[in-house]
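The two complexes that follow have chain A in common; it is paired with chain B in the first and with chain C in the second.
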Partner chain A sequence: MKYDLFLRYGPALLRGFGVSLLCWIVGSLGGALLGFVIACLYRWSAWPVRWILQAYIEVIRGTPFMIQLFVLYYGGPYAGLVLSPIQSGIVSFVVYGSPYFAEIFRSGFEAIPKGQLEAARAIGIGEFAILRRIMLPQMMVLITAPLTNFVIILSKETAILSVVTVPELLYETQTMAAETFTFVEPFLALSLFYWLLVVVTAELGRRVETYAMRHLRRSASAT
Partner chain B sequence: MDFSFDVILRNMPYLLAGARWTLVLSLTGISLSVVLGVFICAARISAKGLLRRAAAVYISAFRGIPLLVQLLLFYYLLPEIGLDLPALAAAILAIGMCSAAYVAEILRGALQSIPAGQTEAAEALGIPPVALWRRILVPQALRLGLPSLVNELILLVKVSSLASVVGIGELTRVAQNITGQTYRPLEIYLAAAAVYFVINFTLSQLGRMAERRLRLD
Partner chain C sequence: MTADPSQSAVEPIMTVRGLSKWFDDFQALDDISLDVNRSEVLCLIGPSGSGKSTLLRCLNFLERYQAGEVRKEGRLIGWQEGSASPRKPLRPAALREQRRHIGMVFQQFNLWPHFTARQNVAEALIQVQRLGRDEAYSRAEAALDKVNLGDKANNYPSGLSGGQQQRVAIARAIAMEPDIMLFDEPTSALDPELVGEVLAVMKQMAAEGMTMVVVTHEMGFAAHVADRVGFLESGRLVTCRPPADIFGSEPSDPRLRSFLQTYRERNVV
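Presenting the complex of A and B:
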């Protein structure tokens, strides 16, 4: 094991890790936002819109992420959409993640008992207030676990961005391996970075879950 | 630029030939992963602490490292320790072993939802453990886990696109090659996406049919 390699390539690997983090965080937030909009549209619109959204969900979930990335990055310029590698990485992340997020939010919406919504409408609470004050707080308890799960899955998909030369962690690792003719050291460093990422995300997810469940805990201790 | 269906039509036979390898990869991958997954799941719930911990390490390692990295590890690292696998074998092994971790967790979830009373009853009746697993637990677990397993198979079809990176001529690789010759990435990659979609849509419909047939009511 050549330890000085870590010193020499440490900055490059850290920079790659930063790019991975950037694509992952922006992609996840954007995907979750788009997914939430899709789930809301699906819930509150008529069947033609629903039909289109369903087709969108099926198509995006039925095609590999790498192909979507290629369509955007290589095919985009021919349709007048020129994006840098990082930009196309982030955009394809948002698009790829949105249907999965939408399905998670939809399952959350469906878990709220109908009676609560009818009662809320009957006493004149507005639709937006119903969403914000009644549905979201209860949904969050249920969907935090699947959300964390999917965000962890997304963190690993960032490795695929290396194929379109996004200078993220795997790309920098492969550069390091190619320049030094080593293999064990770069990939050991790579595994450590990803492991760190997953452990931190899982812990964050647990924290959010505890936060989302705070009203349940309080009512449980009161009785 | 004008969208040309002609390019798609002309290259469709090559894409379909690539799709055959995609199917080979994903079907052998899922077979390997189900067989391996059954053993890992058995280890994960066994009474022996050592086996249980080993299975837990396997699962968290294969679920925690990106598949693309695993694929590169299998393809480049195994030759370094004297195990020179052909690209196809390395890809199937990587995909199968990664998916086995997920299958093991799916099966564990399914097994744990079978009432413990059944196992106790079987033991009380003196049914040997092999028969208990073969006749009672595994069939029920497979039925309960079928929707998730079909889901996993569809995921496998999609991740088989990563095998293009180690040079296997499956659908994505073929699409890359054709793009290199025709300079028509938009058409070719959209066509490849359509082929993937058709495969996955068929699989999900077959899965739904199987579920209906297996339902007990």
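Presenting the complex of A and C:
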């Protein structure tokens, strides 16, 4: 093992990790936001809107991320959409993740017993307050685990961005490997970075879940 | 007292006229007309599937219906006034404005499990009446006191018995100071020993002059607390008379007679 390689390529790897983090965090947040909007529109719209959203979900879910990325990055300019590698990486991440996020939110919406919503409507509470005060807090308990899971999957999908020359972690790792004719060291570093990301994300997810379940825990101890 | 409500001197708070509702091909309600007078307790009884819950749910427009109308203090509930057929429902904000004055209690309580009893009661005060948190909480506590649950304000629903949960649900409705309360089989999901505490609260509300429409299988409550009892069968309002007429003598209507017979056999009335 050539440990000095880590020192020499450390800054580049860290920069790559930073780019991966940026694409992942912005892409996940954007994807979750878009997915949430899709799930809400789906729930509170008439059939034409639902039909369009369903088609969108099927198309995006039914095609590989790499193809979507290629279409956006190489095909975009033909439609007048010229994006830098990082921009196209983030945008395609948002688009790619949105139907999965939407489905997670939809499953959360459907898990709230109808009677609770009926009670809220019968007393005159508006739909937005129902969503914010009654549905979301209870959904959090159910959807935090699948959300964490999907965000972890997304974190590793960032590696695919290297194919459109986004200078992210895999890209920098491959550069290091090519320049030094080593394999163990660069890919060991790569694995460590991804592992770190996954461990931190999973722990964050657990904390959010514990927080979301606080009323269940307290009421259990109150009996 | 007269059997025909239109001859009564009392001003009805709610009027139902020619109400019919279909679920696809099945007619759940068939040309129902009914008045609910102010400060009256009206019990609706009848076999399962007779349409009594559906009728109740039409009163606050939780169910849409195809024909007829429900008016509260003259105002059409749920539909836009004078809109041609097919009628247009009110805008959501207008419907919410009507519903805030109509309290409802459900068979399954339908409390929000992530809120404490106090929060359950205060929620609509905050979201609908726009009260500040402190005022909403103190009014919520007053409402919980009325249902004898002042000491359970901090409990979550899962830490309450069924009877207590239903009383929180009642407090949630009365905190809004409704003009009329709708009860949809409020004791049907309760263990027998918990029924009494809920009925006691309802009796107290009746004594205080609350207008109540109660769908129930509690014939004792209907017989002793109701001012009038409506009997539904196959979506039709067969009769609506004072309880003495319903439960006292042998009823002339054969459907009502056979319905009450099942209760008499169990020695309930």
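Assume the second predicted complex is superposed on the first by the 223 of 223 C-alpha atoms of A that agree within 3 Å, B and C clash if a C-alpha of one lies under 4 Å from a C-alpha of the other, contacts with A are read in each partner's own complex, and residues count from 1 in each chain.
Here is the rule we go by: contacts are C-beta pairs under 8 Å (C-beta built on N, C-alpha and C of every residue); 3 or more make two chains touch, one makes a residue touch a chain.
From a predicted model like this one, the values you see are computed outputs, not experimental measurements.
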Looking at the overlay, what does A:121 touch: chain B (first), chain C (second), both, or neither?
-> second
Chain B or chain C: which reaches more residues on chain A?
-> B
May I ask you to decide whether A:183 touches chain B, chain C, both, or neither, giving the answer as first, second, both or neither?
-> first
Kindly classify A:195 by the partners it touches after superposition: chain B alone (first), chain C alone (second), both, or neither?
-> first
Once the shared chain is lined up, is A:129 touching chain B (first), chain C (second), both, or neither of them?
-> second
Using the touch definition from the top, say if A:6 reaches chain B (first), chain C (second), both or neither.
-> neither
Based on the superposed arrangement, let me know which partner A:62 touches: chain B (first), chain C (second), both, or neither?
-> first
Once the structures are superposed on A, label A:138 by its partner contacts, choosing first (chain B), second (chain C), both or neither.
-> second
Touching both chain B and chain C, residues of chain A = none
Touching chain A in the complex, chain C uses residues 60, 62, 92-93, 96-97, 99-100, 102-104, 106, 108, 110-115, 123-124, 127-128, 154-159, 169, 172-173, 176
Spell out the residues on chain B that touch chain A in their complex, using ranges where they run on.
-> 1, 64-69, 72-73, 76-77, 80, 154, 158-159, 161-162, 164-165, 172, 175-176, 179, 184-187, 189-190, 192-193, 196-197, 200-201, 204
The answer for chain A against chain B in the complex is residues 58-59, 61-68, 70-71, 74-76, 78-79, 156-160, 162-163, 170, 174, 183-184, 187, 190-191, 194-195, 198
Chain C-touching residues of chain A, taken from the complex the two chains share = 113, 115-116, 118-127, 129, 133-134, 137-138, 215-216, 218-220, 222-223
